[in-house]
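Chains: A, B, C and D, in written order; residue numbering restarts at 1 for each.
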Amino acid sequence: MTPTDHIQDTAPWDIGADGDTLHEECGIFGVIGARSASSMVALGLHALQHRGQEAVGITSYDGNADAGEFFAHRGIGHVAHVFNSADLFAELPGNMASGHVRYSTTGGSGLRNIQPLFADLAGGGFSIAHNGNLSNAMTLKLDLVQKGSIFQSTSDTEVIIHLVATSRYPTLLDRFVDALRLVEGAYSLICMTKEGMIACRDPLGIRPLVMGRIKDAIVFASETVALDVVGAEFIREVEPGELVQVDHQGIISSHRPFGDFAGRPCIFEHVYFSRPDSVMGGRSVYEARRAIGMELAKESPADADLVVPVPDSGVPAAIGYAQQSGIPFELGIIRSHYVGRTFIQPSDGARHADVKRKHNANRALVEGKRIVLIDDSIVRGTTSLKIVQMMRDAGAAEVHMRIASPPTSHSCFYGVDTPEREKLLAARMDLEAMADYIQADSLAFVSIDGLYRAVGEDVRKPSCPQFCDACFTGDYPTRLTDLIESGREA
Amino acid sequence: MTPTDHIQDTAPWDIGADGDTLHEECGIFGVIGARSASSMVALGLHALQHRGQEAVGITSYDGNADAGEFFAHRGIGHVAHVFNSADLFAELPGNMASGHVRYSTTGGSGLRNIQPLFADLAGGGFSIAHNGNLSNAMTLKLDLVQKGSIFQSTSDTEVIIHLVATSRYPTLLDRFVDALRLVEGAYSLICMTKEGMIACRDPLGIRPLVMGRIKDAIVFASETVALDVVGAEFIREVEPGELVQVDHQGIISSHRPFGDFAGRPCIFEHVYFSRPDSVMGGRSVYEARRAIGMELAKESPADADLVVPVPDSGVPAAIGYAQQSGIPFELGIIRSHYVGRTFIQPSDGARHADVKRKHNANRALVEGKRIVLIDDSIVRGTTSLKIVQMMRDAGAAEVHMRIASPPTSHSCFYGVDTPEREKLLAARMDLEAMADYIQADSLAFVSIDGLYRAVGEDVRKPSCPQFCDACFTGDYPTRLTDLIESGREA
Amino acid sequence: MTPTDHIQDTAPWDIGADGDTLHEECGIFGVIGARSASSMVALGLHALQHRGQEAVGITSYDGNADAGEFFAHRGIGHVAHVFNSADLFAELPGNMASGHVRYSTTGGSGLRNIQPLFADLAGGGFSIAHNGNLSNAMTLKLDLVQKGSIFQSTSDTEVIIHLVATSRYPTLLDRFVDALRLVEGAYSLICMTKEGMIACRDPLGIRPLVMGRIKDAIVFASETVALDVVGAEFIREVEPGELVQVDHQGIISSHRPFGDFAGRPCIFEHVYFSRPDSVMGGRSVYEARRAIGMELAKESPADADLVVPVPDSGVPAAIGYAQQSGIPFELGIIRSHYVGRTFIQPSDGARHADVKRKHNANRALVEGKRIVLIDDSIVRGTTSLKIVQMMRDAGAAEVHMRIASPPTSHSCFYGVDTPEREKLLAARMDLEAMADYIQADSLAFVSIDGLYRAVGEDVRKPSCPQFCDACFTGDYPTRLTDLIESGREA
Amino acid sequence: MTPTDHIQDTAPWDIGADGDTLHEECGIFGVIGARSASSMVALGLHALQHRGQEAVGITSYDGNADAGEFFAHRGIGHVAHVFNSADLFAELPGNMASGHVRYSTTGGSGLRNIQPLFADLAGGGFSIAHNGNLSNAMTLKLDLVQKGSIFQSTSDTEVIIHLVATSRYPTLLDRFVDALRLVEGAYSLICMTKEGMIACRDPLGIRPLVMGRIKDAIVFASETVALDVVGAEFIREVEPGELVQVDHQGIISSHRPFGDFAGRPCIFEHVYFSRPDSVMGGRSVYEARRAIGMELAKESPADADLVVPVPDSGVPAAIGYAQQSGIPFELGIIRSHYVGRTFIQPSDGARHADVKRKHNANRALVEGKRIVLIDDSIVRGTTSLKIVQMMRDAGAAEVHMRIASPPTSHSCFYGVDTPEREKLLAARMDLEAMADYIQADSLAFVSIDGLYRAVGEDVRKPSCPQFCDACFTGDYPTRLTDLIESGREA
């Protein structure tokens, strides 16, 4: 019943955060009813690699509702690095498997925090993969430890397992629902028990989760691109507050343990996190981003010669801006495909060599030109400053920065790795000061309503916003218990 | 005098060739006169990573013309993987260093073949990094072995070292020139002796080599992008047939041991190998590629809704095609940034999952549209077939393939990893058969003269072509001694 | 509060059991009050390496009763292999540390089972290192899991931690005693809390534990040899049923939570497990073994030319046998110092090459001679058979086997890795059949009373034996709850 | 023709020299005519592990005199560590294989120096494994490099390969003999060419080499123990100055290219290097050592209670001393089986902890006794000092040191790792000063004639000594060209 767990602790080579981007903390993928389920999970996670590059784990179950065994393999690094041998999949047998890629937010980067987490409960093995973040995990953990629970990880997700373990309800499903009633925050979960797979989303559906089918197998994934890559057909999204159960016979049942809610999915998924080839909430992510660029061009035109994206995340919005404005789209910045960690010291003369390792100005193109630079967002502002400087060093006559999201002025507590509020440029400065800080000739962000229009809404409804947009508005859709308990402010 | 050599044999994770792209076999970088020269070399090689992903080596020299010591570190994998610790640079001290990234052509992928190669000669240590391929290496090697030379690698480059070692001339420079007189083919070389650095290019200048300056240091690199990234200023190209010597005082001397030649640099560097932000032969690579796209649009227009690049190599030509034709440029294919080796087996239902791991159709955009698909070249044709199919699976109404180079009909013997001629699609079929094979609604290649125009020439001069274009024309600029000796045909 | 845990999973190279020896499952060592405590622990564990070669772990505590942090490092392999860098000790700071070497009995060989185990309890961190085996662990675990405890290892030791975690008593010490009241079997424990170190022994004192002093530091160890090697002075044994607490000021307090008991320490420690240079129960282990040899010579003389030990464990008894009998002691078997795992296949012609890799006959000496062969014990008998055969192949005229312990006829449930009873040669055969099986000319074991005499007793008291000798007599000193629950028989 | 070479660079764990023992630099083993020859070589090298613990390599040849391929695997560490997978032998196919264990003397410990060395010569592949040391290697190397030879290792052995490569003789055998005529010093060699195996010994036969048979295969090894372990039958020694050739049909031919010589094999093999279960020059090594102990007892009796060996090398002489003197033989020092490298720092209070990790006093035995301590030799004297001190710390009343060899007063230039002469205790002091230095109550060495008697000679013949005993007498049997050229003194 205990999973045979092989831990691989390789030096990571490409976690490579520069501290000035927002990071989704994870992607999850599960399948039930497929031969060599674990290898499909690896392929699906590979397609979700952009959601978490630090570590990866896969757990499989070989058996049926009566008897079977769990297996696990996890390691630090990319999917293709950790699952670098066909033999590994032979050690992850069974028709049900789920996996997780993570960028650490809550909990350090230790091996013990690599998901899926697993526990041998009284009712049998229980595996859980979590995308999101609980906003009352610390408070619940303190209480559980007082009562005798022993935590093996520092992950907020383990709280759910202990709540399930100590629940007094008779069935594992009831105990799971009992546990979820106690947690607050964002969670899309894929769980496995010997009875089958359970996928669910928090009442607001803050983090995404979709459902697909390939032959007789049912697949769950953070984004539709993972369905595409494994060859599965999209069925529908798991709804906010919905719990979908699939057993070994492929029978699907839907539960709504929290009643009906109007969801508030994260709008930043459209701006940055999701892959452009995913469809989210019925809307193509690529087209939403291009539409943001068009809104930007309408709201904040610029008199310029070239539209230049900050690659790769700024490309769709730049295409939209160029199409709307008629200014030619050109690759004024070239992105290296080979970005590793930062042990290589820049030489004395190399100004901003760390940025140059990733991005290099296309000097022959930029020289003497007035350019509109399109990026997805500004976090601390340090990267924008370097990129604007790089354009000037390459001879750009004017640099007009246009940002495909509103100012990021508040931290996220729902599973996105944002700095503390006081480090966010938009929390510290007004627009003019920001333009000055990054040394751009002009700076503009898309408006919050422009953003809502681009993702298909007429307007943001202030009384009951259609999305979680707290990072732009400070309007958090749940209590933030741990924050309040700690005496800090959002 | 012997370099302290640390060999690191890590499992490579991303050599990842699918056998249907052309590979440059190497990039080289050297610097003399800089503090922490080896870390600058690593940064420069990182910028040249696209020229060789299999292995990397750096050799440094700590000392002066009278006395000093060589050091080396090499390993399998990317620069950022092999040089993954700041400590390594402490083990590569000195003001002179050079390095090499390789994709193996001649010689297997064994560790012994990782360059720079080094030998303790009678006159002192001698290090050599080579981009290119000698076309008479086997013939020379047989002769050397007969006379008692013992080869430690299977690389053609080692032939040069043994020719230097056994030359009867008194000085190391004379012996080096003596050796070069005996070899034929393509070579850009960066060598180190205790006297300083020697950079040279074969008489036709087939492979590129540029020279730059940063403060008091002189830098040599395969492409200008490496100068940009380390912060060096471009001085000029090393000329075809030129040998440039730099001593520890920074004194530069130029030699032309083979007399004056009109060079014939490789035209494929402009089409595919070089980074778009490099300048080659005075021409921006990005602009040459965009100009190829414009030529293609003029020569081979298509009635379509979207221009879609095969990312990333097809992007500049697609922008040119879109600008010339007025058809919108859109990202109809999304490229994953996380492409590893192929141990992850595709699931049963996943058609062409190996391609999908790298490229995924942007279905929402493509569906129902007539598209012009732009790629840089066709080698075996297998990738083109899969990409066209992916577009059709995503609902494209028509797929018109346009290729930003002439048909690749001949093998390269100058350092590019081409398949044998009989495996090249353009050597096996005419245009119509090729279109049929890849299942495109139409197929066109840019003309050889269109290509020459795009890189800035009025026309190709058939009697003395300005470039080596043998892969398109079969017009090889040197003897192919090994090939002739082996009884095979080009 | 959470230990920074570095897990190292190296392929073990020398676990190398042939399945025909008895293995002590562990050695433990702890120190409080010493600078660089962790490096003293490593040295102490190195001296206890014979008690467990599979894995090793060290946990340290840096701080005092008010505040501090726990650190841990563990790995598979020998102490000198896992702790192979001075840097590791810098990562294990503090004046208190404890460690564990193990040969796995209960619980597989997974990394999660490497001790010391650690948990963050409500009262603070708690670390535990255990030598012995609980005979009711499975029964207790089932109950704990029902109530919501989640086990992370398969080790019986973790039961103690969960019992502590869920105890309702107010102080950590009370909760620890509460936990010990529930367990049965053999345990010598070294625990750490932020208040200090706790060392204790089960009421019968089945496994050994001694106490020493070096300067201001107090040391606990499984055997006195570890005190010698770290330079500590022996104080006394921890008594059966005693719990010794040492705080950060060096104040020692002794508790007897179970009342007074006459202990029954394991007699096999004298026969085989302990190092000959240890003193156990006031008696030199070397001298006890030599005395066993003398008893053997009196009880079972042989007409022979040479006394030959099976090295190294048979040497002291062979010296005693030779001294008593007057037959010369000679090295008729040479032991290799370099015994690794068994991947090297024997060649076709090599008979018993696996044994020969460890032991080789000294043919020149043995040829034509009548020899008395002395070994410590017979388990399955397969090794004895091979060794006798090796002597005959080398030309021995007669081989008389003498065993320095009574017949091993019962399994151990107190932390020694014995095969199931039906695999023990002495459980399957009488003396004559055994002699026949191993093909010796004669075979004799020391009598149980001879053994008691050799360890310093006049006679074994059948009503209340002075030692645990269950493996020879079947007289188990505790209930065997798990065995009874499972319906099997001792 | 080029061997597929897999280099494994693992951190060695047990090279563990304390600088105060003499080290044989290597053991060699070869077999021709056996299935899975490489695995027999591994087994044979395992039996020779005491001759070199730093690194190991095996080369195999799969083919016949007409065609075939060489394969190699080598690594740092013990045989059982480097050859730790059965798969490795599948990568070393063929009926002929040879191998080498080394302790580095000449040449650093780099991977390139691990033998067998291999080269692709004009006549085909050539592999060489060498035990011994050439005393004119530097002189020859300088000359070869002048003529254009490129050395890849710093090993003296590579000189032989280059001499073969550049010889003008027609056949490989003639070129090999031509090469050997130029070298001076000690060499036992096992070479492989596609024609078969060549084993030879220098004209004085300084290093050992024996020949055996197993079924149809011929085996060569440094010592007979390796024949025993693989199950081969001893045929005879390869004679001093003899070259034995074995082809793929098993035909053996013997050559004496240097004429007839009276050999002078190394006498230290009998004292220390060889395993006691080997037979060398027709004499059991164990019996020679016991006889040395008897000579010592006659020459230098002591009034004492116990004879205590320094384990393990002192044991046979101690047995002899005890038998001759009638003083009981006892294990007063216990040796740990688990001696690793020295990263574990001794604690403050631990006096001589580095020695204690290996050896611990058996205090209960030694206390109050007068002991005769027997060791094989004294090099620098530092170990003897610590051991004597350890005996005193354990309460010994008197310590009488007896050494089973004459004073080691001169360095070895024939393949034994001795310190420079000025560091040898016996070169710096007379007997009394030595006794004083090591703080023994008395000190005695066996006489040179006593040693000769123990190995079976009546007396040492001063005009033509039967052995090389230069380390005791300074009577070097060859020129020492490199030493002379370097201006130093023996």
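The rule we apply is simple: a residue touches a chain if its C-beta (ideal position, glycine included) is under 8 Å from a C-beta of that chain, and two chains touch if they have at least 3 such contacts.
Here's who's who by UniProt: A, B, C, D = Amidophosphoribosyltransferase.
Computed from a predicted model, the values in this text were never measured in an experiment.
Q: Determine the set of chains touching subunit B that also touch subunit D.
A: Under the touch definition, subunit B and subunit D have no mutual neighbours whatsoever.
Q: Measuring between Cα centroids, what's the chain most distant from subunit A?
A: D
Q: With chain centres taken as the means of their Cα atoms, state the distance from subunit A to subunit D in Å.
A: Those two chain centres are 62 Å apart.
Q: Centre to centre, by mean C-alpha position, how many angstrom separate subunit C and subunit D?
A: Those two chain centres are 36 Å apart.
Q: Quick one: report the Å distance separating subunit B from subunit C, using the average Cα coordinate of each chain.
A: Centre-to-centre distance between subunit B and subunit C: 62 Å.
Q: If two chains touch, include that pair; go through all of them.
A: Once each pair is checked, the touching ones are A-B, A-C, B-D, C-D.
Q: Under the touch definition given earlier, write down the residues of subunit A that touch subunit B in their complex.
A: 11, 13-14, 34-36, 39-40, 42-43, 46-47, 49-50, 53, 78-81, 83-86, 88-89, 214-215, 225, 228-232, 275-277, 279, 284, 286-287, 312, 315-316, 319, 323, 328-331, 334, 336-341, 343-351, 353, 356-357, 360-365
Q: Sort out for me which residues of subunit D touch subunit B in the complex.
A: Touching subunit B from subunit D are residues 2, 4-5, 7-9, 110-112, 119-122, 145-152, 154, 161-162, 165-167.
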